[in-house]
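The following blocks contain the structures, represented as structure tokens.
The two complexes that follow have subunit A in common; it is paired with subunit B in the first and with subunit C in the second.
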Partner chain A sequence: MKIRITQTQLFLMLFIVQTGTVFISFQAPLIRVAGSDAWLVFLCLGLLFPLHLWLFERFIDRFIWSKPVCVLYGLYWYFICSSLIGKTVYTLNVWAFPETPMLLVIALMTSVLLAVVLSKPTTAINLGVILIPLILIFVLFVSLAVNDLIWTNLLPVAHLSLSELQKALQPAQLPFVGIELYLLFRLLLPEKVSFRNLAIYSSIWLAFFMYMLIFPLAYFSLKEFDLFPDPIMYLLKSQEVTFVERLDLFFIYIWLAWSIVTVCIYAFAVVRLLTLMGIANYKKHAVWMAVIFIFITNTMATKSAVEMNAILIPYLHTVFAMAIPAFIIISNQMRRRKRTGEGASG
Partner chain B sequence: MNAEFMQSIHSYFNHSVDFEVKEREVAGVPAVLCYYTTLIDTALADRHLEMLEKRAMAGSEKWGNSATSSAEAFSEEKLAEQVCTGNLVIVFPETNMMLGIQVNNAPKRSPEEPKNETVVRGAHEGFVESITDNVALVRKRLQRKDLVMESFRMENTHAHISILYLADAIDPDVLAQIRQRIRDIPYKEFYSMGQTEDYLEDQVYSPFPLFLNTERPDRVIYSLLEGKAALLTDSSPTSIITPTNFFAFYESPDDYNSRIIVGSFYRMVRVVAFFTAILLPAFYISVISFHSEIMPIELAKTVKMQINDIPYRPLLEALILELFIELIREASVRLPQPIGQTVGIVGGIVIGDAIVSAGLASNLMVIVVAMTAIASFVIPSAEMNMAVRLIRFPFMLLSAALGFLGMVLGTLFLFIHLLNLSSLGQPYLSPLVPFDPSRFKDVFFRVPFYRPDKQQQTFNHGGKRS
Partner chain C sequence: MKRLMFWVLPAVLLLSGCWDELVFRDIQVVTMAGIDGNKDEVTVYYGFPELLDSQPVPQSLESKGRTYSEARNTANERSDEVLDLSYLQVFLISEEAAKHRIYDFMDSFFRVPRNRVTGHMAIAQGDMKQYFDNPGSSGAPKNESETFGKKIDTFHKYSLSTMYDLQQVCTILFDDGMDLSLPVLKIEEQTGEPELAGTGLFSGMEYTGEVLSLDEGRLLAMLKKETGTILRLNYDVEVEGEKTPIQIEIISNKQKIKIKGEHVDIEMRIKAEVEEFAHGAVYKNQKQMDRLGKELGKLVEEDVNKLIGKLQEAESDAIGIGRRVRAFHHDLWEKAKWSETYPSLEIDASVELKIERTGILE
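On to the complex of A and B.
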């Protein structure tokens, strides 16, 4: 059966993938480098986001999923899945669950991934729906801090040197990771996506991340970001409500669900690649990949691995979301021109 | 010759005592009357015979055919079919023809309000164990020519399954699927609607009901207007509505008989009840076992003081009480109503209090388990109620092992399972998944007037099958 999705489903998957896991932690490394300029740097980069998507949409037919490309992206997304689960388990161990064996937690999370990839494709496509009310709750509770914000923390701006700006661009890439999934999921969409719709999605994405960046920036002093790896969680921890003592604990589990769903969508993408490669019995492969995944991820759930991945992933993002698509699109464009030229002369 | 014929017929019906074979002249022709004395109204049969005689004497050409009788060629199979359904059959051995007359007098109930689907306001009629009566109850309310009934006869038992639908509203693919699945039913003996469900369902091993069972004609009508089909049988007052979605189990005819705000409020209460019934004991176990730091300090003190005196872990404490509640529920269902109520009171108040006094469970756990039980009983559908009651046990085990992490994983597995379910190939979680904003509000709100929407057909958002 040929899978078909709608634009809403496409953008929901993309939103979950791009926001999940990173939205609680991307602020700290960015603010450490860019200081009060962090929001301006991210805003400028974020404004380029619809252009990036539009380029993907414009040249979607030039991006051909050949076998080597499938393998390359499959490995990349497999690594992303592993690093995201590693980061999630590590954060969970710090915040909530210091005594549960990591391998068990990873195995349980992997079983969710496996359940999704062995299910109907529509399950992975629609799984993000469960997060819609949770996202709203998250945003609502972060908003409780509004009275404690010191808006002058956002100033001064535009004082970064060129080298500082270059350094800031690296952590600022993290919320963009996953954009390349557009190239794969777009294949499931029968109609073209208008620039207007791309701009609407980009605006929602940008508004969300700006919100998640500006609130901690205005809440904490710049020096505090050296201590907090996950500023949003600390912000929620400082909120006092009458009905519960530790609000942050609820949200760490909402974030956990968000992260697992994110990885499920990546896992679905990997399985799609297997089917694109013509592997008929992909379920058997998926089971083996899941078993290996548990052991690889176990090595990723350490402080050093999490920190290393945070540095590595923006570089990989540049390669897989920009360099490789640009190379494939341009080479296919040239090949097509050459063929058209040969056809015309012949 | 007739004596020999009568003997062979008698032996074909295994010499059943209530099977009668009589020789008689009908319209001047020698004939044999065959019927079950236990199934027909003999006085009515005599009146029919008199009428037929008169029509024959008056020289009517097709004197045997009327609204209640029809003639056809004789065969033993057809004779058995007619006699078993409660018809009087007149066989004319000389011409090898037979005449079936509907004089069925099988016992049946009058349409009373179903005991498990009571409403405060609205119609109090319910289905009975007769297709014709049930269809009449529907036709009485829905006087439309596109209300169609199709009937399928089961082998051997001659029991019928009927499909009721609105030709202008139903999806032809769904109708074709229902027909095909009924035709594919391999069994020969038929005694309950549950059997049919097993053969019609997409996923048999899910605890969630994939078809809505109802004994209420008004509920069937709402569903027919939404483009669904209702399946009826002679053996059961229960009608199966298909395809259906998860949220249909949380709707009650009362919603549309009450004020908009009141109806909407109770609909939301039912949705909250679903989560309460599944997650509350798990949440309590998680908090007590792993995350006591989330409790406000004042509450934490009280809870600690209470659970310090309990020798068992929260999971065991919860299982003891849950098992106890399940026993009371099962006993109340099986016993006659007045005794069932007494068991509920004795079990709930006396034994519940004794369990707390004996130090087997804390007061807080009793509150949690009681709230869970009440929340599950709020669900209007008995099948969904059972499913929810069952599902809370894995959640309790997961939370006892992993705390909130277990609850998150359990919720994800539950959602994945629900996403995989379909009712006759149509999405079970519609209109939540695929998300349809125009119909999503109906999940929580009772709209100002009843405006039926068609069942979601595909897993795409707002998609129609192309």
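On to the complex of A and C.
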């Protein structure tokens, strides 16, 4: 049965994938390098985002999912899933559940992942809907800090040297991770996507991340970012509300759900690749991949692995979201090859 | 079946909390903590309510160590239950300890995820022990964090000093463009009650030992725009050749800080209400009111300038002029370390006070 999605579903999946997990931690490494320039660096980079999507849309037919490409992206997304769950479990372990065995949490999260993968494709496609009210609640929580913001923290700008700018570009790319999924999910969409819709999606994405960046930047002093890796958690911890003692713990459950849905969408993408490669009985493969996933992720849920992945992922993103698509599109353009049908070519 | 699994599996995740369950009977909820000592030896005091005959009775525990962590560990070893700081309401630091890099004492309070960072912080004058063991005038123990918490809330309500919680303290400590100022508490000898002694000034991470009076504390809160709901100032003004006491309540306070080179102008436009004035003659006409407003404005201006001088002398940029300089005058900021530039700046405050209303006596 052919799977078809709407543009709203496409953008919702993309938004969840791009925001989930990284939105609590991309600020600290960026601000440590760029200081008060962080927001400007990210804004400039973020303005290129619609262009990136438009290029994908414009040359979507030139990006052919050959079997080697499917394998490469499958491995990449498998690694991303593992590092995201590793980061989530590590943070949970430090922040909320220090005594709970990490392997058990990973196994439970993987079982949720497997259940989604083995059920109908519509489950993964629509799973993001449950997050919409949670995202709104979360944004509201963060907004509680508005009266404590020190706006002068956002200035001065444009004082970065070229080498500092180069260093800042690396963590600034974390929120862009997942953009390459557009190339795959776009295949499920029968109609073309207009630039207007791409711009609307990009604006929402940019507004969300600018909000997540500006609030901690204006809330904490610059040197504090050396003390903690997840400023959003500390920001929420500092808010006093009447309905709950620890707002950060309340948030951590929202974040947990967010991360699980993110990884479910990545897993759905991997399954799509398997079907593109003509592997009909992907369920058996999915079970084995899940078992291996538990053990790989267990090694990722450490401080050193989390830190290493935060450095490694921007490089991988450059390869998988820019270099490989550019190479495939340009070579196919030169050879005048276009995508035909739904399966992967040999 | 699949649908059932879809809902059951995420719910299973919640069970992971079982390992980290903390039962109230196994923990001692610390509501007040105090630190005394120096960089070589730290004495930590914990205040907590303990149930005796179904009544919460304030108890305290004291322990020493080379660092805060060591002292805390010793306290834990001596306590029947695990000391839990997730409900900390008041954090006190002695004047001696505050004269050292105070963040070193606070790091554990601040960064441990479980600890509460919204508790009030204050400097304690005299022996820290008396804040935890003092019997008070009524004979009842006064080491309840609630007593201190309520007192500090009142100080803030009447804008008697600048009030910060642990998180805000750490943010200011790490901000090069602003210095910390905290309320200083003392135990009143006759009543045994905690009282506000003034506002303690910091320079960088260290307490300078300089304490502003209550009136200066009010003005500082006004300059920082961190006033509570009520801010009242008392002055003696000359009416018909006679010095008369007058109380004004600040309704609004607008400020403009202009920086030109190394000269800083603080322009304050205050709207006030006259709260108390025994001489009805003042309210004769608008001219009289304007004259009174001008006279009061001059008096406030004089006090604000004195306060700024005191802040500069203590090398404490408690107003946060450095934040503006860093943001808008980067050349001046880069000239030298802000703690070196700030005391040599020429800072002038001008006050324009307008009496907006005359309160109950009209």
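The working rule: the second predicted complex is superposed on the first by the 336 of 346 C-alpha atoms of A that agree within 3 Å, B and C clash if a C-alpha of one lies under 4 Å from a C-alpha of the other, contacts with A are read in each partner's own complex, and residues count from 1 in each chain.
Simple rule for what comes next: a contact is a pair of C-beta atoms (placed from the backbone, for glycine too) under 8 Å apart; a residue touches a chain by one contact, two chains touch by 3 or more.
Predicted model only: the values in this text are computed from it and were never measured.
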Which of subunit B and subunit C A:159 touches, first, second, both or neither: second
Partner chain(s) touched by A:324 [first = subunit B, second = subunit C, both, neither]: neither
Touched partner set for A:96, first subunit B, second subunit C, both or neither: both
Which of subunit B and subunit C A:130 touches, first, second, both or neither: first
Which superposed partner A:243 touches (first subunit B, second subunit C, both, neither): first
First, second, both or neither for A:148, with subunit B first and subunit C second: second
First, second, both or neither for A:193, with subunit B first and subunit C second: neither
A:24 touches, of subunit B and subunit C: first, second, both or neither? neither
Contacts of A:34 with subunit B and subunit C, given as first, second, both or neither: neither
Residues of subunit A touched, compared between subunit B and subunit C (which is higher): C
Set intersection of subunit A contacts, subunit C complex versus subunit B complex: 96-97, 100, 105, 108-109, 112, 115-116, 119, 123, 245-246, 256-257, 260
Complex contact set, residues of subunit A against subunit C: 36, 94-101, 104-105, 108-109, 111-112, 115-116, 118-119, 123, 148, 150, 152-156, 159, 219-224, 227-228, 233-234, 237-240, 245-246, 248, 256-257, 260
Subunit C residues touching subunit A - in the complex, by the definition given at the top: 2, 5-6, 9-10, 12-13, 16-20, 86-87, 110-111, 113, 117-118, 165, 167-168, 170-172, 174-177, 323-324, 326-328, 330
Subunit A contact footprint on subunit B (complex, rising order): 291, 293-297, 300, 402-405, 407-409, 411-413, 415-416, 419-420, 427, 429, 432-435, 459-463
Subunit A residues touching subunit B - in the complex, by the definition given at the top: 4-6, 8-9, 92, 96-97, 100, 105, 108-109, 112, 115-116, 119-120, 122-123, 125-127, 129-130, 132, 242-246, 249-250, 253, 256-257, 260-261
